[in-house]
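Once you scroll down, you'll see the structures, which are given as structure tokens.
Two complexes come next, and they have one chain in common, chain A, joined by chain B in the first and chain C in the second.
Presenting the complex of A and B:
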């Protein structure tokens, strides 16, 4: 855990109150973000995102599977996060499991919408190969390599970048198979379908320290938080998911205020992320 | 199956005595005391070192030397097919132990009594030779953390398929069922600290295969030394010396 003296705690809190944080940022400024795509050769899509000292990798793997019988026209997407012990010695053994489960649940809530897939950032109908019989299962894995606070936003950004990097092989279904037979398919190695990732939201976490709230908190700042609100916002400014963490209660009016601020912050984040992702893809294509 | 073509080329186009492309980089994890990324072909691992620091479990504290601990973990996406294994399966525990023993042999533990050094290795991509790649990454990370070591330990594997000794097996060659010799050496002292082999091999051929692996280790040691030297030069430059 972060060991801070009383003086350091006062310094962090005082800085936030004066809108000048320990690293020189304002309350709602993000740390520099850098994106690298296509980092894993074995995945369908992958990305590595660095947000200051936080470093995460996301990979997307696609496998053919059967759709859920309740939703025969939709593919399946699952998100798992793993906290590597390289990020902090306390993640050793089973130590990271609690945080991993919390982050996985939060990301599923923020990116995948409801159980039926309504409101998901990814168009699940695009994953169907044969309705009711065969679909793509997307496995999204996040790995926290280095942790310096604000893991959720970094993971959200990495998943967004990995999805835009993902190519799903084109599947040709043999025609003429009868309704109850398993469809015969031919998976192409050359043609890949890209996703439309414009609808994938970004996650903005506002952390409340003292009387103010800040964006993109570092590990030291997170240790001083009373509560935090994570809001996922898409390009149109719609809220796709929300989660409050931390023990202290929040006044409902403060929550509404935080949501409108996060909407404002997300505009800048989406613009920054889009330009970083396209720059990373150009880099990848050149190398 | 044919692993070496009549022209003397392997499945991935290498010559029998050729190593995969290696790449090492120091300082991959900003929060750790020392860290490194090491790649051997498609195998890619990250190592992070925390310590020397206070021993967390007082019962394990040793009054005459440092406690070295190691944990090896594989990312879910590291293998070709996505796996979902529970943490701490037998294979990981065995590899953790091997890495710990190998690194313990080179760290000057007597200089840091009552302290603890944690080495964490994380496999991002597995394509054969993860054991070797982890040891090489751990060496780089330990050097980055400034932990006193007797020498650089490096590791490399070699095998024997189609009556040819092959250096640095990849996953396909590794799973062919032939002998796989993993060697770890202290390059300057010229001492073997790790030796593992499965399957069987005649004595005289084993000598050749092991010699090949040792050559590989030495080549890696030279490379690691270059990386460290380059890193030190850059640090020097930044301090304006």
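Presenting the complex of A and C:
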């Protein structure tokens, strides 16, 4: 992990207590975010998000598949995260597996909603082509290029940007096929349907260091955390997912307080991210 | 919770012989969960947990073990150690906790379906690490192996509660027993301790793992669409249930120590 001397640890903790962190930020300020969309030509949508020293790429690929027989009117989405050893030596071999699995599970919980699909950031019904027969399977892959803390928030933002960059090919279903036959489809390579991403939540992680909590912790600050709470909040202030990390326990009243703070922080993050995404899309269109 | 709290000593609970008949009925029924006045498939009220049966010392060769049966969810957890950490591991002045949750192939109605719960092992680890006094066994590892014999809903909460009972049985020092309860959100209703059928139709779920006497939450996961008042309500419900489950677990341990050794 991060090697810090006693003095450095005190400096970080003291700074957080005084609302002035090592890089000059306040406790609830994010590092500058930069978004770049359409970075991968092979994918249906992609984005690269830099959050200070943290650098992640998300790609969205769409394939035609069969819907789950339990939910014939819904498409399928799967989210995987890969931590490359290029980001940090500890991700080598099986070292990154645990973190990858944790991040994947957290993102699935935050973006895909409950079992019935309620509260999902991605409208699964929009992915259906022929009910019960054919739907789009979205494969969302995240890649950690460089890690400097707060991977979950960065990945959440990258997936949001990648989804807004995603165009799903228009599918024309041949009419006249009988009910039990496999439907014949014609995938258009010119017409694309834009994805509605207004409901995709952002993830805000509050890291508790000492008695205070901070947003967007760096790797050094994360090494000093006692526990952290990641909350995913959508545009309307609804909570779509939440999970706790770190070993130390939290008082229930502190959790409720952290939820309300994260809602407040999410407002600013959504606004910032929206403007960055639209700026990135303008850039992409011009180039 | 009335069923749990009414008797202080854990009531021995016998699986009902009509189980098979009941199962068939459930499959035929069309689930109408979203109605305001639906009845839960097993006849409980919304805020009523399943009857719990807990017993320590289920496995002889382990340092400590426990068996838990909540309705149809049946779990066995054994704890081994503390024993010397593997040579390949770096020196550590605090102990290590190694957790593993596995499903039997016959745990769910479709064979081998249990393998999709890979994250349960790390979630069990996170739920327990805050409670175990790791500094009390430096340089060593404690293994916690959980096996879900039958999956009947709310599997992870049962595994976590059972694991803390097994740790206590093994004499591993903890700050407090760890109890865990989950709540499902179905339409506008909050139902506690959901069974598999309810879980498959849920709009959202909240699982809280807490140390009841310290009033601390060690792990919490939430999915689905929630408003803040609803989170308040669900958290309160869970914490209350955790408190009562803690009492049952404590009385189970007390009974185990007071019982004469065979």
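Just so we're on the same page, the second predicted complex is superposed on the first by the 287 of 287 C-alpha atoms of A that agree within 3 Å, B and C clash if a C-alpha of one lies under 4 Å from a C-alpha of the other, contacts with A are read in each partner's own complex, and residues count from 1 in each chain.
Heads up, the rule we're going with is that a contact is a pair of C-beta atoms (placed from the backbone, for glycine too) under 8 Å apart; a residue touches a chain by one contact, two chains touch by 3 or more.
Keep in mind the model is a prediction, meaning the values are calculated, not measured.
Novice: Label the relationship between chain B and chain C on chain A in the superposed model as either fit or clash.
Specialist: Aligned on chain A, chain B and chain C fit with no clash.
Novice: Looking at the overlay, does A:53 come into contact with chain B only (first), chain C only (second), both, or neither?
Specialist: The first partner, chain B, only.
Novice: Touch test for A:88: chain B only (first), chain C only (second), both, or neither?
Specialist: A:88: touches chain B, not chain C.
Novice: Give the angle at the C-alpha centre of chain A formed by the C-alpha centres of chain B and chain C in the superposed arrangement, rounded to the nearest 10 degrees.
Specialist: 120
Novice: Using the superposition on chain A described above, determine whether A:126 touches chain B (first), chain C (second), both, or neither.
Specialist: neither
Novice: In the overlay, answer first, second, both or neither for which of chain B and chain C A:4 touches.
Specialist: Neither partner.
Novice: Output check: A:185 vs chain B and chain C. Expected answer is one of first, second, both, neither. What do you get?
Specialist: neither
Novice: Output check: A:244 vs chain B and chain C. Expected answer is one of first, second, both, neither. What do you get?
Specialist: Only chain C; A:244 stays clear of chain B.
Novice: Is A:64 in contact with chain B, with chain C, with both, or with neither (first, second, both, neither)?
Specialist: After superposition on chain A, A:64 lies in contact with neither partner.
Novice: Just to confirm the value: shortest Cα separation between chain B and chain C in the superposed three-chain model, in whole Å.
Specialist: Between chain B and chain C, the minimum C-alpha distance equals 10 Å.
Novice: Using the touch definition from the top, list the residues of chain C that touch chain A in their complex.
Specialist: 118-119, 122, 126, 129-131, 185, 199-205, 210-211, 214-228, 231-232, 235, 239
Novice: Across the complex, what residues on chain A touch chain C?
Specialist: So the residues of chain A touching chain C come out as 70, 98, 101-102, 105, 109-110, 112-116, 118-119, 227, 229, 238-245, 247-252, 255-256, 259-260, 263.
Novice: Which chain B residues qualify as touching chain A in the complex?
Specialist: Listed in rising order, the residues of chain B that touch chain A are 28-32, 35, 42, 44, 46-48, 50, 71, 73, 75-80, 82, 84, 87-88, 118, 120-122, 124-125.
Novice: Which of the residues in chain A end up touching chain B in this complex?
Specialist: 39-43, 46, 53, 55, 57, 59, 61, 63, 80, 82, 84-89, 92-94, 97, 139, 141, 143, 145-148, 219
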